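So that you can tell them apart, the chains are marked A, B, C and D in the order they are listed, and the count of residues begins at 1 in each.
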């Protein structure tokens, strides 16, 4: 009984159980379901610690090489250790160093990385909306209608524009989205089934 | 202007510098962000998952059931050594199997049945004899054509007859409307993100606003 | 001009399209939509000292879009002398929610524990929403700062949703669906939602079916709410910058097609 | 939408998919052509000619449990085999340590089978950061420093999708994307060279690996889709006459 076979049996048993428990409201089943969810969260938390340790090991190895890149690995190692150690010593209260680092370093960097999208949306639009075929024309027109309809200037051009944009968003657009979602539903159900039946073994 | 605002400004400019080109200033910010986010998540997971759900029940309340997830979790540690990596497969199978099982009914309900029921609902309103405008009727029919043609487009083994071909081409046009409208619609909130950062830089830092 | 320089030019134009309007500070709101007016009226018609529960359900990265909305609603609640109970069902939104509530409370000299309270974060959001239907004090024995809630004056006549006149979920994701499925369906709560613009269409069906009483979204919603409140906040300040930068995106799309037209003509020659 | 309807449809779909999966049709099914999938091989070849690496990432939105991630890792199996045979370097950054370990296993065994185990570089498969924009910033850094010839953005993406796609375009990579996130699909359609729309990502491995079992389950999906089409049309017709059967059977 190789370890792969054990894994496939576990995948089959838990898969069928989770599928069936969706329909059964018995107390025993619900408790087992909650326990499985707790197991998953615990395993995930431990794998994140494994991931953190692996990342630390990778950067420590780069650090030891003392080439021109190791200053960056030093930054990552210091940042990880700072967060972990400072939370142990000073806790994670509102004015702890841990919260200070989150509020003044991590949060601004994350918000700024997200805001890069404002620039990338424009450069992608410049390149992506070139009308080279009929479908490409429909793509550009739909985007322009919604863009104009949702801006103040759109209202000034004609007060029907916002309602036209609303109509496009709530009718043809939602219809096509449903066509896509049905496909995604079928595709993911088939993939999940292949995993449970052991046909899909890429994860082993 | 406090120290913390200055630090936040330096971090913001470091990330923005990537727009010009990749540079050491950005690379340092990136590596600090990686470290902080890993540290932040480790501490949060320790406090909100490991302590309440594993360590306290296992060691304080001596609830021996905690042994099972602990062992499964520890097999994950085996992955750090290639020769032992295969011992983590049972824990992996548990996670992937339960996820697969859970997704089948949930995906089927949310992605298929609920969507299709919503496309039929307007027709039921007509059937109930409700007072509906002409625009509503046209929109209802156009939406139905959209769902049907988009679904026909996604057939893998569809015969190449003229009728099926034209229906699926109609589906392509509906898909293009969806992609264009969604792009136009999401641009607003992406621009707002930059407005927030500029208000921080111009307001809190340079206090021009 | 090669592709890299064109891209940098576009980035510069977007930067100016956002920075200059913010500096010139032109107030531009446009027509107030019915949804925002409905949202405003629901709070306006509450008597003073009624209980408003505000739930901060967003991640740190969406703060730019939800802050103006949250500040407008909290400002309105303070003007109406409502008693505000703050909660958060998203880890990252917890600290930001507390800062905003503290800021508006200081401005209106509200007394903590009497006029307003901040209960903080709960990881299992479905369990938390359901538990507050039974008893808020049992779900939150201690508030965000660790003080015991049972002894607070605000909880003397506040046990669960029955005493809560209105719940407002300020969200950037699907959290309001859990509020509707568990709080509205099971405890008949009056629910309103303030959302990021990209989440709005997902919740229009809930508004038309009456499950939620009011909906307002994005910077435009905040600007409209501020004009109803007749005060100047992040919404109205940002609206002009948003419209100008949005127009720049439109011009960039048109420019892309003009360049394409000339390239094709040159190739055709 | 009643519980019985859901049970009916889930059971019916399972029966059809299982029946066809195990009765894999010998005759080759002529599947419709999907340009994005055809371009996968061309992309790997192009990167190898330019002497540049390939970058493959599965997005911040999905963990190992999600079927979309499993489908993406399936496609990685094919891409890794092709790249290993050409001797091309593969870089795989991710936000989830479990996905990192699974991908490591796939890529290492691909190099092993191609007999090029010494070309395999373990530190190219990295767990970079669990946070959405820590992950996006890290991948941006890797893309602009390694200048990949081809980029595969496959899996569940959220706000970070366009950040990665636009950075990939800046570095001149041929980009093939595939996702089940409907909002991000519109960004990928505009920013990438090829895009697999929703379910096309799930079927990519069937097209590439000639795996009859997976091909057969796609044929089964078409049957269920046909059934659903018939049900919607008849439900709409009946609803017009006041028969709300769609509440029961959908």
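A few comments on the model shown:
In the analysis below, a contact is a pair of C-beta atoms (placed from the backbone, for glycine too) under 8 Å apart; a residue touches a chain by one contact, two chains touch by 3 or more.
None of the values given here were measured: they were computed from a predicted structure.
Chains joined by the most contact pairs: A-B. With respect to chain A, maximal separation of chain centres occurs for C (centres as means of Cα atoms).
Note on chain placement: the centre of chain B and the centre of chain D lie 15 Å apart, centres being C-alpha means. With centres defined as mean CA coordinates, chain B is found 4 Å away from chain A. Put simply, the C-alpha centre of chain B and that of chain C have 20 angstrom between them.
With centres taken as mean Cα positions, chain D sits 34 Å from chain C. Residue positions of chain A with contacts to 2 or more other chains are 19, 23, 40, 44, 47-48, 50-51, 54-55, 102-103, 106, 109-111, 113-119, 121, 123, 125, 127-129, 139-140, 143-144, 147, 150-151, 169-170, 174, 177, 180-184, 186, 188-189, 191-193, 195, 203. Looking at chain B, residues 15, 18-19, 27, 29, 33-34, 36-38, 40-41, 76, 79, 92, 95-96, 98-100, 102-105, 107-108, 112, 116, 118-119, 144, 147-148, 151, 154, 175, 178-180, 182-183, 185-188, 191, 193-194, 196-197 sit in touch with two or more other chains. Taken residue by residue, chain C touches two or more other chains at 7, 11, 14, 18, 61, 63-64, 197-198, 201, 220, 242, 245-246, 249, whereas all remaining positions touch fewer. Contacts between chains leave no pair untouched here, as each chain touches all the others. Of all the residues in chain C, the ones that touch chain D in their complex are 4, 7, 61, 198. Residues 19-20, 44, 48, 118, 185-189, 191-199, 202, 208-209 of chain B are the ones that touch chain C when the two sit in their complex. Residue ranges on chain D touching chain C, taken from their complex, read 132-133, 159, 170, 183.
Residues 94, 99, 102-103, 107, 110-111, 114-115, 118-119, 121-123, 125-132, 140, 143-144, 147-148, 150-153, 155, 159, 169-170, 174 of chain A are the ones touching chain C in the complex.
The touching residues of chain D, when paired with chain B in their complex, are 1, 5-6, 9-10, 13-14, 29-32, 63-67, 70, 98, 101-102, 105, 128-131, 133-134, 137-138, 140-141, 144-145, 182-183, 185-187, 189-190, 197-200, 203, 218-219, 221-222, 225-226, 228-229, 231-233, 235-244, 246-247, 250.
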